[in-house]
Amino acid sequence: MSWLENSIMSRKGLAKGQAGETYAITEASQGKYHYVYGPYVDPVLTVDPGAVVSAETHDAFEGQIKSETDKPSEILNFPYLNPQNGPIFVNGAEKGDTLAVYIKSIVPRGPQPRGTTVIMPEFGGLVPTHDTAMISPALPERVKKLHIDENGTKWNDKITLPYEPFIGTIGTSPEIEAITALQPDYFGGNMDLPDVGVGAVIYLPVNIKGGLLYLGDCHAAQGDGELCGVAIEHPTVTTLQIDLIKGWSVKIPRLETKDFIMSIGASRPLEDAARMAYRDLIRWMAADYGFEEIDAYMLLTQCGRVRLGNMVDPKYTMGASIKKSFLTP
Amino acid sequence: MSWLENSIMSRKGLAKGQAGETYAITEASQGKYHYVYGPYVDPVLTVDPGAVVSAETHDAFEGQIKSETDKPSEILNFPYLNPQNGPIFVNGAEKGDTLAVYIKSIVPRGPQPRGTTVIMPEFGGLVPTHDTAMISPALPERVKKLHIDENGTKWNDKITLPYEPFIGTIGTSPEIEAITALQPDYFGGNMDLPDVGVGAVIYLPVNIKGGLLYLGDCHAAQGDGELCGVAIEHPTVTTLQIDLIKGWSVKIPRLETKDFIMSIGASRPLEDAARMAYRDLIRWMAADYGFEEIDAYMLLTQCGRVRLGNMVDPKYTMGASIKKSFLTP
Amino acid sequence: MSWLENSIMSRKGLAKGQAGETYAITEASQGKYHYVYGPYVDPVLTVDPGAVVSAETHDAFEGQIKSETDKPSEILNFPYLNPQNGPIFVNGAEKGDTLAVYIKSIVPRGPQPRGTTVIMPEFGGLVPTHDTAMISPALPERVKKLHIDENGTKWNDKITLPYEPFIGTIGTSPEIEAITALQPDYFGGNMDLPDVGVGAVIYLPVNIKGGLLYLGDCHAAQGDGELCGVAIEHPTVTTLQIDLIKGWSVKIPRLETKDFIMSIGASRPLEDAARMAYRDLIRWMAADYGFEEIDAYMLLTQCGRVRLGNMVDPKYTMGASIKKSFLTP
Amino acid sequence: MSWLENSIMSRKGLAKGQAGETYAITEASQGKYHYVYGPYVDPVLTVDPGAVVSAETHDAFEGQIKSETDKPSEILNFPYLNPQNGPIFVNGAEKGDTLAVYIKSIVPRGPQPRGTTVIMPEFGGLVPTHDTAMISPALPERVKKLHIDENGTKWNDKITLPYEPFIGTIGTSPEIEAITALQPDYFGGNMDLPDVGVGAVIYLPVNIKGGLLYLGDCHAAQGDGELCGVAIEHPTVTTLQIDLIKGWSVKIPRLETKDFIMSIGASRPLEDAARMAYRDLIRWMAADYGFEEIDAYMLLTQCGRVRLGNMVDPKYTMGASIKKSFLTP
């Protein structure tokens, strides 16, 4: 955990990246899960910066898809999808501040087979959808239930996918909007970006007093793009350490790991998500690392990296990053 | 008004397209205007189907841009933009029903120069924006104040634009989301489509008990695409006749005039908005006019019409239409 | 034809918009039709500015689809599609000049049923394609043969579509590229824009000595977007009057009618086609009509019009226009 | 080089992946370089399968940008950009076959500073362009000349970028089209994808007798997206081993390394490039590795990887890949 001591969270956070009091949000204490990111509900928890919070997350289907003979289109009831824990009110957070959230651990829970992925109508990257609307026929529905433990996900007799868990959906509340938990946006939300995994710190804008942090939708594995629309969904205990940064604002989510810094764009078409991510990264390099914007632009042309998060949600996500070792103008 | 007697509103509406009680929403009775389309506020008015409601709408800037020397970026305060009247609760409306809203009249109000259009940073179709993010410089800000009356908008000494008013933003509440009034979507919202003008009927999905109708953002004129992002914004008295249809659901806004029927798609990229609109129109032709879907697809290839609403909002809008005279499979 | 006397063609053309010598390109004199827009073939005809040329165009399938039981996927042989007449070498044309082409008439020819439209695999706006690649099933193939005369296209017993013919594909040769006749681009090509009809003048860039004008692919009618990918294709005798403009360059096709001027963008996504068209129109208004660019931008926001050409070809097309009556800064 | 013995090239190629005769294409023997991918020029070289060819490639500017005070907009002359070596005629290659090209080595050549990157008008991912047309001002032009050797590119006193060379532009001729070397497409071309590097095999469609292989535009380093439009361009000696596969067709470029197989899509918007790549990969997994298409779709959702090539050329590129270790249905 040593790099963390030099992270932005540790350098700028009120708690200096130190762990404070610990909390648990269980299914029982959460009670009703939430399906929008918004300010119109009471916090489930109020904490000081430094708090370490473990949350019992549901899978994206709230555990309703139990068998490979289930039909998702009959079971699922839009907009009551992608249940979220929270919101967590962070004492002292004001509009313009930034929440720093260190992802300490993600542990699968629940009876086996815990994992679920499905093909469902009007959803996915290579089929007609609500937006990319077509009149050709849909694929048949399909459900796949999967055994998951910390060694991996057993896909079939021959293939075991490594357990590379991350948080599919995490973010803060908008100021007055309430946005479906199916959508990623400037406040985070359903980014479905594998880099939001254990050991990373995500920085999220505070849009309203207390910040109101939500999370859910953990994935045991996911390919770039989340192609069919549904990763390996599973219930977890996810543990976060939450810090609060004053005097440093982010417009869109930013992420830090031991090796790189990343900005996360959410838009459509996909090139706009990439543009948003890269521009924010350039501005960040200019504001905090001493680059001229145009120099950052030219340098990223030679060494920037882009990760495709999802290409299936109401907005698509791209993370643009640069290695810390290149951050020397 | 005779075509109205044969409109879908008249044939399917509970009030049979007949005008009922009349109401006024004044600035005073409205009190606080709203900046999101959502279910988290109390109705300003409750009416029965057939109600005729006149609303004092603000311009999109809530009247704050008063002079050509004003700087929009200093005055405007996101997300408190595009103030909306309402919501209007329609008795008897349940999820799955449809509101039919006939636009009876739009009359400009307020002291001259009543009209406003602006160039502002990060907004518009031919400049870098939040989504189409770039690092090249912005255009300078600019404000243009305009004299408007029912004869037209005086653009300059040589050009007078005809007064062709329409409602830029109208729609129903989502079920649990609260969406910025700057965005168009499946429930209507900021469509910025000139066809939503006097004499048309718009059909909107009811997502929640009462429907919760909002409106605002009337334009005195607008080109296709609302290119710089800001039409000729002006305050008005806008009068609607509201009916309620049971047993006929719409997934996205639909529109009817004397001559054509139209479906309105909102998405990005622009081709997805067109796809959404055309697919809905095909399904409508199949469900209500006796076409096979594939025949409707082939016929629209030869006689469909597309109107670009906006190409500047968080989602773009396209209306796809067919003349009523071709609706005979 | 009186407006023509004041057209750009008449004011700037070497032949002053006057008709000169007449020529015919028959099927026999054309011999081999062409499937690319390029400089690697010999001209079929060499003319002076003012020439009036009548060409026997084939339909887009070169007449190979003869019956409603034909299967397009078995008959058609990419890239040998959309046969073009020409090229026509215009004496005196040099890189940087502009060809002005007045469309005098389009007359259907050939045995009935002369008209053809089809559904074919991997082509169309609401089905998976080569580019918008999906794995869901295709629609079934379908062929529709249609009786066409100058009174209209008989769609079925109840619907007759008006005869509104236009040239689907017309343009000049690139300098060193040879581009499939299925694609629209900066030189014209497969624009599929109904405004390119009888009575209009289209202005095309000269990229190489002689200009090398091609044409083909006439449509008896077409809806906006050419939704299923195939308009009402038919063979014609199409008559053009060709003039040559020195000292006035166009970067993308421009069009003039009695009432408006239009710039035609070709790109993907569709918003880029609209941006390209609108920007060129702004630059045109600034260069030739005395507007400041930013004033043109603001004025088009209020009165610009956009026509969707196709949303199915390798590039999509949009025409942005303004009424001549507004061209007074 | 052992994995190569089990590569598709070795298993299916006529030369069984064995090196044959060696050839050199020097600047002198190349003579005129080419700016389009097309069939309208004579081969510079004719070889049998197995041939090892070393080519002296130019940088994308043909060495014309020599100093940091040069102005690219004054020096460069569209369409004479991105000079290509070739074409190489491969004996026995017929339409429907596949060329397998193993990239043996890329060695920088020429006087220092050999490397060039620039900012130029209307080009790049975060500025207005010909397609994403805007009216806001351009960035200033800028040229950066760079010292490159096999240890890296010296960016400035503090940053040295590793030497990770790859071929920016490589492909076969279309059948009748001649496409600018600035564009990637189904035949390869200007893909600007870093995976096309030393040690990889790229598979390209043969569209015409002899295949007609072109190459050029080698990059010393490049970030994902080639953000400003210009990687670290440099002249090289690039050595390829060329094999010919009968009875195995590719529709778009495919790539193989020791660890993964990849399909490369080129389209706009960017999601269409991703769709094209992923669909081709699914079809490949189904045809050659025993997967059901829908199973491949679900598996790639969990473990597919996407590499962004360029987001600046006339078409954007994405490579979709899967690890060979997962290719066991």
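Letters A, B, C and D mark the chains in the order given here, with residues in each chain numbered from 1 onward.
Convention: a residue touches a chain if its C-beta (ideal position, glycine included) is under 8 Å from a C-beta of that chain, and two chains touch if they have at least 3 such contacts.
Chain by chain, the UniProt names read as follows: A, B, C, D = Acetamidase/formamidase family protein.
Treat the numbers as computed from the prediction; the structure is a model and nothing was measured.
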Inset, instruction - Name the chain whose C-alpha centroid is most distant from the C-alpha centroid of chain D. - result: B
Inset, instruction - Any chance you could check whether A-D or A-B wins on number of contacting C-beta pairs? - result: A-D
Inset, instruction - Could you grab the centroid distance between chain A and chain B? Build each centroid from C-alpha atoms only and quote it in angstrom. - result: 33
Legend entry - For chain D, residues that touch 2 or more chains besides their own: 126, 132-135, 139, 268-269, 275, 278-279, 282, 294, 297
Inset, instruction - Would you tell me which residues of chain D are touching chain C in their complex? - result: 35-36, 38, 40, 79, 130-135, 174-180, 265, 267-269, 272, 275-276, 278-280, 282, 293-294, 297
Legend entry - chain C partner contacts - residues on chain B that touch it in the complex: 117, 119, 124-126, 139-140, 142, 144, 153, 155-156, 158-159, 161, 221-232, 268-271, 274-275, 278-279, 282, 294, 297-306, 308, 311, 316, 326, 328-329
Inset, instruction - Name, in rising order, each residue of chain A that touches chain C in their complex. - result: 126-128, 132-139, 269
